[in-house]
Amino acid sequence: MEPNFKHLLHSGYSHPTLRLWQEERPLLAHQLMYPIFVSDRTDSKLHEIKSLPEQYQIPVDKLVEFIEPLVAKGLSSVIVFGVLTRDDVLKKDETGQCALHEQSPATRGVAALKKAFPKLLIAADVCLCAYTSHGHCGILTPEGHIDHQKSIDMIAKVALAYAKAGAHVVAPSDMMDGRIASIKSLLYKEGYGNTVAVMSYSSKFASVAYGPFRDAASSAPSFGDRKAYQLPSGSRGLAVRASERDEEEGADLLMVKPAGPYLDILRDLRENSRLPIACYHVSGEYAMLWHAANAGAFDLKAAVLETLRGFRRAGADVILTYYTPRLLDWLKE
Amino acid sequence: MEPNFKHLLHSGYSHPTLRLWQEERPLLAHQLMYPIFVSDRTDSKLHEIKSLPEQYQIPVDKLVEFIEPLVAKGLSSVIVFGVLTRDDVLKKDETGQCALHEQSPATRGVAALKKAFPKLLIAADVCLCAYTSHGHCGILTPEGHIDHQKSIDMIAKVALAYAKAGAHVVAPSDMMDGRIASIKSLLYKEGYGNTVAVMSYSSKFASVAYGPFRDAASSAPSFGDRKAYQLPSGSRGLAVRASERDEEEGADLLMVKPAGPYLDILRDLRENSRLPIACYHVSGEYAMLWHAANAGAFDLKAAVLETLRGFRRAGADVILTYYTPRLLDWLKE
Amino acid sequence: MEPNFKHLLHSGYSHPTLRLWQEERPLLAHQLMYPIFVSDRTDSKLHEIKSLPEQYQIPVDKLVEFIEPLVAKGLSSVIVFGVLTRDDVLKKDETGQCALHEQSPATRGVAALKKAFPKLLIAADVCLCAYTSHGHCGILTPEGHIDHQKSIDMIAKVALAYAKAGAHVVAPSDMMDGRIASIKSLLYKEGYGNTVAVMSYSSKFASVAYGPFRDAASSAPSFGDRKAYQLPSGSRGLAVRASERDEEEGADLLMVKPAGPYLDILRDLRENSRLPIACYHVSGEYAMLWHAANAGAFDLKAAVLETLRGFRRAGADVILTYYTPRLLDWLKE
Amino acid sequence: MEPNFKHLLHSGYSHPTLRLWQEERPLLAHQLMYPIFVSDRTDSKLHEIKSLPEQYQIPVDKLVEFIEPLVAKGLSSVIVFGVLTRDDVLKKDETGQCALHEQSPATRGVAALKKAFPKLLIAADVCLCAYTSHGHCGILTPEGHIDHQKSIDMIAKVALAYAKAGAHVVAPSDMMDGRIASIKSLLYKEGYGNTVAVMSYSSKFASVAYGPFRDAASSAPSFGDRKAYQLPSGSRGLAVRASERDEEEGADLLMVKPAGPYLDILRDLRENSRLPIACYHVSGEYAMLWHAANAGAFDLKAAVLETLRGFRRAGADVILTYYTPRLLDWLKE
Amino acid sequence: MEPNFKHLLHSGYSHPTLRLWQEERPLLAHQLMYPIFVSDRTDSKLHEIKSLPEQYQIPVDKLVEFIEPLVAKGLSSVIVFGVLTRDDVLKKDETGQCALHEQSPATRGVAALKKAFPKLLIAADVCLCAYTSHGHCGILTPEGHIDHQKSIDMIAKVALAYAKAGAHVVAPSDMMDGRIASIKSLLYKEGYGNTVAVMSYSSKFASVAYGPFRDAASSAPSFGDRKAYQLPSGSRGLAVRASERDEEEGADLLMVKPAGPYLDILRDLRENSRLPIACYHVSGEYAMLWHAANAGAFDLKAAVLETLRGFRRAGADVILTYYTPRLLDWLKE
Amino acid sequence: MEPNFKHLLHSGYSHPTLRLWQEERPLLAHQLMYPIFVSDRTDSKLHEIKSLPEQYQIPVDKLVEFIEPLVAKGLSSVIVFGVLTRDDVLKKDETGQCALHEQSPATRGVAALKKAFPKLLIAADVCLCAYTSHGHCGILTPEGHIDHQKSIDMIAKVALAYAKAGAHVVAPSDMMDGRIASIKSLLYKEGYGNTVAVMSYSSKFASVAYGPFRDAASSAPSFGDRKAYQLPSGSRGLAVRASERDEEEGADLLMVKPAGPYLDILRDLRENSRLPIACYHVSGEYAMLWHAANAGAFDLKAAVLETLRGFRRAGADVILTYYTPRLLDWLKE
């Protein structure tokens, strides 16, 4: 019996030009955004983050030197996280005031990168958890709940500070209701409405996969957890509504975080939104690939590439990943 | 009152990297397929086609010379149409037998290109209308109707002849029911099942826009018209069903023809099919742009680029267009 | 071998009642809206527009006489464009004040039609470009950028003037952000909220196909172009967002302009919106059909009908076309 | 505060032409198909069906007289059910042979209507349950299960008999797997492939709402029930798959039965199929409206019209309903 | 010939675990919400509602006793309607003031249930028609039209009164534009923003099927009808827009009413909204099943179960039905 | 300013019954299928698989004892893999004949489970790679390519052997074109057409995550890799086409493998198929969670539950996971 010709796929990609026509969404270097941890240390040394092998807390004065070879290899964007390690200059307090300080490592880091690399897209993560004494992402009421209005006012001010320092993109990761509108409104009033984009961590789940990051950013909450403001992992409806809300409030880019365990949500956003979609390949995902490769389960490079090609296939336009330095090499091979 | 921030679009594309992330489906040179008319003339001259300015009937012995500079500019695919102008060697008859002749200009043209340009993707249009004495795309019954079974048997043989001559893609344009299955079956039996792709003219409409082409290919029917086998222009349902049928019969690529007046059908196929989709920017469309530009209505280059970018936006992976030579230059600017 | 019965289509439309059940979206006369150019001339003569053959600038005092035979043939709607040719009464200035004048030809034209043809649906195009000395669609800042707030305030006043003159539909073609909300708000305050519909030129592209129109309406910009407020032709996302925005601001009808090169966007709107969708078969498209037919590429009537049936198939409920007078005859045949 | 203009709907339909543009899917007389019960009685009397008030078993010799006034009012299609009441001429047996007899009331009824009303579309219900001694819709194995192959062979022969008698549409209601392919194949071989349409009862549920019908058609099974071949009411997946299967086998029209309790399935088919969709407003639905109106719950005419307009809104192109005679009057008011 | 294996469905559900995997949306007791009529009578007797057999007007002091056995059987939610039968304490007037009275039977009923059954979800229907002397759902202008602003102010106050009495859900059934926003705003200001859900009767049609209810609730309008604020039954577009509007204004749940004749709209909402969707199986639907079963057309239990399983299949998360008491038993069998 | 009420989500889930109504697709024990490795060892000992901690190769004679406590905890399905460790009885050869031997551990394991646990759903993995001397999933030609026809003939025989041994589900994992049709056809001829379901590994990617499995099943290819028959990870189109093909050939269930890196494909299948969808949480995914938890990156239980709830959210009806034994406990907490 003859085969069902519809089911013989080979003839459709038997010539290189045919294969180009089959190609869907290739993984390209300009789609990578590298998350970097800029610290207030003054020892001019990179501090490797124990739970995030080969990633570092970088003192401001080493930043340009650290990034330079990556830019040379084609790095086109970074996202800056500030890390406070000392309490002589900037002290964490209840409301995270030090986030606004012009000597904050995030602010200084953004400014240094902007000056050194005029073509590099510089994003700045916006949150309070690295600056509050309690480690929560917002300001608390006396009873220990989130004070919603105070939190989003403060977050907008932080975003403005980074915009003033030169960030092209501000990226609120706090998940407070209404923060996109609050940031957009303040940026607009201050004249940054058309020139600074807001990338919202819009579908950010309460995930187990953030552990190593908190170590990197020294931002773990001192009590309680973040389930009151991050999304429950099982609810597709709430996840999509949260991104839709941020799109309605004026976000320029949306994000799914973590990436891997939520690829279906990435697909949902791709089909429901008209904005570019980012995804954050988080520290726990980095660790899983790293440790399993070390334990001999598979080859690291092959596993990372399969994973990230999946993010593209699912719909990501931008990928935040700690593997960016390696990928800048791997993608050239 | 504050603006609705969702409605301010500028911040989303204020940096070059942001603009790259907004980019949807750029128009690239490798997506163009150039239709060429290869004739049986022996005068070694290009004959310009009156109703299709700047397009030529090309004798086989001038073909390589004609294509060479285009390949140098990045041409990656052509589709060959054979044109009979004499009746001393190959004579048109009732059943189009001469289409199978190894001296047919299409067969010789395919072979010459294959030999000269090993990386060029070579497609061959498959039909009978340029080889039958009556100019219809199939074989007729004594009463003048299409003899369906005889037609698709013959069409499969023609496709096989081109495959043997070296075509990577055979492209049946006849619109007879069942020809994809007939071609696929014969190619499979003869060992070309995995290496020759079938690009079906699957949603081909009975359009007024083919006039100049028939002049180019000397393929106008001597009586009647083609409404019995080409699609009625108003019917979305039939158009989509025709492409679905061809996908079910094993086509490797689908096509919408003409392109411009049927962009909505292109979108329909893009969303209903998993195959690469081609569209044919036909001779009447070429003429409309040409004559209106000449009459001063607009600038030709701007109009062609706007038109073809629209084909990409609507979903085309491959574009057959007579403007290919100009576009190879324009796309580099 | 038996055929695949699914692929034999004839039995499904072999009886007239069966054919009625197959019918999709026929092209009907009441779906045509005729664009007319009403001038301030006093010579009581029709002035044919050179680049738009068979179309005229019509002095107000000839308007009823000109439209009467079309209404008799079944014309059910028109859209009025005002054209200033003199500068003794109404003078173009920086802010287009004369658009508000009760002697403007658009206002007088609307009123004359309303009085003469009580059943005719009268739409009025709303823009500033025919009334500003610089020819841009909005009011400019001293630096030559669009002054957004002043522009939409003025545009709302113009819309109100036409509503007062008797227009059933006001149709803003300017593409300034926020003008739908501005118009809706003013109409509502003035008591026209329920009786005057707003047809937004919502997905209007920066196209090369507007050339002849500008000649007709004497509205070409004296410097710069309109790319800052019209849509880039390649971006599906922005086009759909622009229409969604206008639907959110309260538009009663949406529009795609031009029609032909953007049929895929028409399909997108049809599937994403619950409003009736209009499309504008623009002057460049008119010219292409006209000149190619004149050059013998095809028959004009057949080409126009194929084109417009395509607009219906793609999803248009209303078609603005200069071929309306001919179509009122053709559709009866 | 200003209203949200998007939420004020009136301006969108304030002029009659605007209302025409809003119109969705009106209920029209030509969409009604009247189910009629043609019996083998020879008493020339209409027998009212007790459980289906105002509906009758009609002897063949009264049929034309009965239908004539309805045709005069605009009836455009009927579907004929044959009813055996005697056993002197046609006797029910195990395999329903008498369904093939040229004196069967269905066959004679179809022929009589075809002769009397040349424009009327005549459909014939195809099943075995009114002709088998056991009242099941197929032929049984000795163990009492459906003999699948024998059943669909027989059903195809019945369909052919009706086609020969003049039916334009044959409508298999039996729900045996493969009967559409079987019917299509036989009609094709016998030369009816292009002229007789097949309307499949494709998504027919095992519903409680068929009781009165069985009384009308004297077709209740003498043992067991039909759950082995009719669809379980809760399963959307199986319902859609059943219609898709029939579309693949070549059905020209699909059907949902019953209509009212399965409007969501009607919507599903409308969005997944490219065929016209019928729905059968079954006897139990007729009874519910009738008895509730009689008990004073509501006005019959208003309730029937609301119900059937819902069928149109949900996607029906054709409606089979016992209220057809009343509707021919009601729709004119 | 072999069958098409895709079309043989049985192997997919031949084992109980396979059947569990086929199960789509089972009908569960916790999805039922029981509508109850709480009256101001003081005779401590249930009054059966003549047109709604087996349903009662229940005096407040009999309420707990009446509900107790249902809660024991697994009733998890009720919706309370207040009924005024006397005019010595609460008198209907033009603006329905008595709806706010703390002695209104609805308010007292909610409070009594909240106290007696701490786990029961208590919803309260919010409307004015049972409290206005004219029986309309809003407050009228002197000319007899709806006074829109006064109506939604009053409706918000009624909702607040029920929230204060302990309702978990307030359910506005009035269909006035803007009432969801009005209720949400007042609840928010008074501190109920996070703890009281709003279930909007969002797609409520002007149906003939409400007759018996008006008898039950003594809420028929004394003049005119409700077509000015309930939806026309034929319009899919308006129905979906109305629910979308309420979702935009902050509704927590949407509703389709009636359920059965609008299953296609239920499917539409399910696919367009991310909120839970309720449907109201209204009194006329109850009556149709009841009377047809009594007339012998079918078995009541089988018919009710088929009907409600259809609501689930079409997309309902919550079903309001008078058959709840019977279903609590039937679902256990 | 008031918040946008649509964006306050809390009121929608403030009561336990409301939360039940929000619940989408809970993770339930009956959705888990446990993969077990049954070996031919005779030492009556469990052999822990080094690269798959806490998973074992189980000799046939220990199987019932091993499974018993899991069934007691609610295990409802297993999938059996046979492992050959010796070559005295069953010897691997070029064509995998020993897979058909009635003493194969898979066959004996299926039979033992069927006898011991009459309610347990027993699936058997069908492939040749554990039985061929070269370790490929099909039979090879002399040149080392897959001999397609011989392979699918053999695979169908293996499936039949397991069906005869008592498997309810046969699950071909080989990815040869046409194997579903081949298996279905043989099962049908042998009388298992209606009682044995086929679960196709339909979208199975060439992934790096299978390493530990090959260790468990001793099935690594001795040369070459499986890229010629497993899917390229980047291609959404091919992945969906492969599952569609298997659905067309008659599969009863589809599968995505691996699960986690392909959640977007799971969503695609859920929205394009009407079959139940399984996903295989493969050995490399098991290893990643295990090793990262051991390295302190997160808590194992929390990470596994978040991961699997994601599979359900993305659309899985059935989950194959090595964590099944732990989950049977965790889901009860």
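Should a chain be cited, it is by its letter among A, B, C, D, E and F, assigned in written order, with residues numbered from 1 in that chain.
In this text, a residue touches a chain if its C-beta (ideal position, glycine included) is under 8 Å from a C-beta of that chain, and two chains touch if they have at least 3 such contacts.
Chain identities (UniProt): A, B, C, D, E, F = Delta-aminolevulinic acid dehydratase.
All values derive from a computational prediction rather than experimental measurement.
Any chain touching chain B that also touches chain E appears here: A, C, D, F. Shared contact partners of chain A and chain E comprise C, F. Separation of chain B from chain D in touch steps, taking the shortest path, is 1.
Distances between chain centres, each the mean of the C-alpha atoms, put F farthest from chain C. In terms of their C-alpha centroids, the spacing between chain C and chain E amounts to 46 Å. Note on chain placement: the centre of chain C and the centre of chain F lie 59 Å apart, centres being C-alpha means. Those residues of chain F in touch with two or more other chains are numbered 3-4, 6, 8, 22, 237-238, 241, 248-249, 275. On the side of chain F, the complex with chain D involves touching residues 274-275.
Against chain F, the residues of chain D that register as touching in their complex are 237-238, 240-241.
The part of chain A that touches chain B in the complex is made up of residues 2-6, 8, 10-12, 14-18, 20-22, 30-31, 76-77, 119, 121, 168-169, 180-181, 184-185, 188, 193-198, 247-250, 252-253, 275-276, 317-318. The part of chain F that touches chain A in the complex is made up of residues 3-4, 6-9, 22, 24-27, 51, 177-178, 207-209, 211-212, 233-238, 241, 245, 248-249, 260-268, 283-284, 287-289, 291-292, 294-299, 302-303, 306-307, 309-310, 312-315.
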